[in-house]
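What follows is a set of structures to go through.
Shared between the two complexes below is chain A, which has chain B as its partner in the first and chain C in the second.
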Partner chain A sequence: MTATIENPNYAYPARSAGRRGPNLEKAGWIFMRASGVVLVVLIFGHLAFNLLWTPGGIHAVDFGFVGGKLAQPFWQWWDVLMLWLAILHGSNGMRTIVNDYVHKPTIRTVALWAIGIAAAVLIILGTLITFTFNPCPEGADLSLLPSFCAEL
Partner chain B sequence: MSQSEQKNEHSLGSEGASEAGDPSAQAEAAVDATTADAQAVSAGGTTPSPADSAAEGTARQVEPEPVEEPQSFPVTIIVRRYDPEVDEEPRWVDYDVQMFATERILDALHRIKWEQDPSLAFRRSCAHGVCGSDAMRINGKNRLACKALVKDFDTSKPIYVEAIKGLPLEKDLIVDMEPFFDSFREIQPFLQATGKPDKERHQTIAQRERFDDTTKCILCAACTTSCPVFWTDGQYFGPAAIVNAHRFIFDSRDEASQVRLDILNDQEGVWRCRTTFNCTDACPRGIQVTKAIAEVKQAMISGVKL
Partner chain C sequence: MSETSSSLTLPDPSPRRTTFSGTLYRGNEGMWSWVLHRITGVAIYFFLLVHVLDTALIRVSPEAYNAVMATYKNPIMGLGEVVLVGAVVLHAMNGLRIILVDAWPWATKHQRLLFWIVMGLVAVLMLYFTPTHLINVFSPMDGGH
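Moving on to the complex of A and B:
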């Protein structure tokens, strides 16, 4: 004896039936893993170059050193990528914590917007500065500037 | 027997406790043994002698083996009581019970209910770890009361017993399980296959093995109510629902895997899992819950691999 229920009746629609917009949870989850792996390489590469590879280590890091680095496209892109991934990774983590622990809808909305605005401001300012940075400001002491400023 | 006991008591009174053991042991041995054996016992004691071995040919001497009486020990159980008609807030109440090493927390609760306070309310059905009725939070960890042995706890300290967290408390150790079962129903926990074969639906041993672990679930809610995400947001489907979805998603006979993956690919679905492993630790059936959730996540990214 077999009985087949042709139309199983389950009056429990998926939770977010009334949700608007696309569901980015899966994309967010994958982003956190991928960006984490890339960030490990970027951050340890950054630290190794600045502190181990460069003679003098931490004492050699000054305006001239940073200006010289930000004049090269390689380091510009390295730093911009690190900035974007780190800020997005960190703020997405903060968003997760807020979703998990903040229950009052008003406070939750405010907190999520605050995180979003902070991330946007940091990313825009950081990107702007990295690409528009002038390593050789006029009238500055040449001894404090990168070595190639003397040739200008 | 009663005579010898009386005699023993008498000698205990007059001669002292240290000598009281010998006469009674001899008397007990003499009751069941033959006359010859009794003589051998009274003459030679326990050391074997030629007379003893000769006597064994006719009737074997029975040495009463010292059987240790099971010793009970006092245990303090502190239960989080809540009576919605009286209490505004739940309160902790202590009970002292005498327990044996072979007994479980459920036995302690029975002892409290039957001998001390009949108003204590808790669920239990089979009492053997199969029905999943008596999941509770014991010393801060979700366990089945019928599978938690008292001797496995530090009985020099009180044992705290409370209802599982994250579900509405109804009375004492009883919670409203409906939100939990709603999540379970939502993932469509039934086989969905269109073809109607003449006989059974065939499956290889390997295909059956693929989802074997998640078939063990007894829906006790120990995993879901140990999950920190579920505590703070009851909307989360919870480990138990995902485990039961896993059981059908990876079943080679089922055809609705994608439907279940779509349901769980929700804002309140598998992506809320933070892999804290509380659920794996809590599961009384030893299901690798966090692994099952990870496999469902994997199936959403790269498809179901049976």
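Moving on to the complex of A and C:
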């Protein structure tokens, strides 16, 4: 036995008839897939490097280790790209879920604004920190800093 | 099985729960992969909110950052990290399955097989991650940390 869907693209048109302007829902749909593919590489690399390939794994994650990474442009760009894509992907996914389950207009508006504001705050905060970060803050305990700070 | 621009013929999903017979979807692999994708997506989202904020303490002081990182190093959090990484790996592998199912007719027809391939990949990746991570979590910390 087989089940046949007649005109699969016709019963539920991707866009209501008469809509004008750029198709933002379609752009979001494509973004979820494009960002997802890139995030697999960025997140798996992040987890493997920090938790598996660095001796000590989670125990080795401290200011010296992360400061040493964020002093390098390679990891700055890796982390900033991961931040933007993960926050935008996750926030757009949460938007879909709120639209699915929250039917009261006021609560829905509040929830969508909360998601948007949280996304903007975290992206701005994270980006500023990554590019203004000082791995060797003045007057700090040298034993807590990346080893290259001793040579300054 | 034929495929034209105006009709798509899918194999019978033969649902195990006959109370839902007549649907293509409910009670089968397709539904469970959607449920898991949604739950893992929300869980990772809330962790990410916290994780950006704890990482932001690196801009405050070495002491502040090390203090918050210390909370990730106790054994209970270590077990939680295995669950969290499991959620990420499942969401990532199933996300790739969703992309293939949407883009490639062969994958649409074999989405059920692909679900089990996703489960297999998750198992393999977690068999790689879990021992290494738990050894780190439960090893006594040597001086310096």
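Throughout what follows, the second predicted complex is superposed on the first by the 130 of 152 C-alpha atoms of A that agree within 3 Å, B and C clash if a C-alpha of one lies under 4 Å from a C-alpha of the other, contacts with A are read in each partner's own complex, and residues count from 1 in each chain.
The rule is short, and it goes like this: a contact is a pair of C-beta atoms (placed from the backbone, for glycine too) under 8 Å apart; a residue touches a chain by one contact, two chains touch by 3 or more.
Remember, predicted model here, so these are calculated numbers, not experimental data.
Asker: Quick one: classify A:Ser147 as touching chain B (first), chain C (second), both or neither.
Answerer: Touch partners of A:Ser147: none, neither chain B nor chain C.
Asker: Quick check for you: in the superposed arrangement, does A:Gly57 touch first (chain B), second (chain C), both or neither?
Answerer: After superposing on A, A:Gly57 lies in contact with chain C but is clear of chain B.
Asker: Touch check for A:Gly126: first (chain B), second (chain C), both, or neither?
Answerer: The second partner, chain C, only.
Asker: Does chain B (first) or chain C (second) touch A:Thr106, or do both, or does neither?
Answerer: Neither partner.
Asker: Give one of first, second, both or neither to describe whether A:Leu47 is in contact with chain B, with chain C, with both, or with none.
Answerer: A:Leu47 contacts chain C only, not chain B.
Asker: Once the two complexes are aligned on chain A, which partner has more residues of chain A within touching range, chain B or chain C?
Answerer: C
Asker: Once chain A of both complexes is superposed, is A:Ile30 in touch with chain B (first), chain C (second), both, or neither?
Answerer: first
Asker: Counting contacts the way the document defines them, which residues of chain A are shared by the two interfaces, the one with chain B and the one with chain C?
Answerer: 4, 8, 10.
Asker: Would you pull the chain C residues touching chain A in the complex into a rising list?
Answerer: Touching chain A: residues 1, 6-13, 24, 38, 41-42, 44-45, 48-49, 52-53, 55-56, 58-59, 61-63, 65-66, 69, 72-73, 78, 81, 85, 88, 92, 95-96, 98-99, 102, 128-129, 132-133, 136-137, 139, 141, 145 of chain C.
Asker: Can you tell me which positions in chain B touch chain A when the two form their complex?
Answerer: 182, 185-186, 188, 190, 192, 196, 228-229, 232-233, 235, 237, 262-263, 265-269, 271-272, 274, 297, 300-301
Asker: Along chain A, where are the residues that touch chain C in the complex?
Answerer: On the chain A side, the touching residues are 1-8, 10, 33, 36-37, 39-40, 43-44, 47, 51-52, 56-64, 66-67, 70, 83, 86-87, 90-91, 93-94, 97, 118, 122, 125-126, 129, 132-133, 137, 140-141, 144-145.
Asker: Using the touch rule from the top, collect the residues of chain A that touch chain B in their complex.
Answerer: Listed in rising order, the residues of chain A that touch chain B are 4, 8, 10, 12-16, 19, 23, 25-26, 28-30, 99-101, 103.
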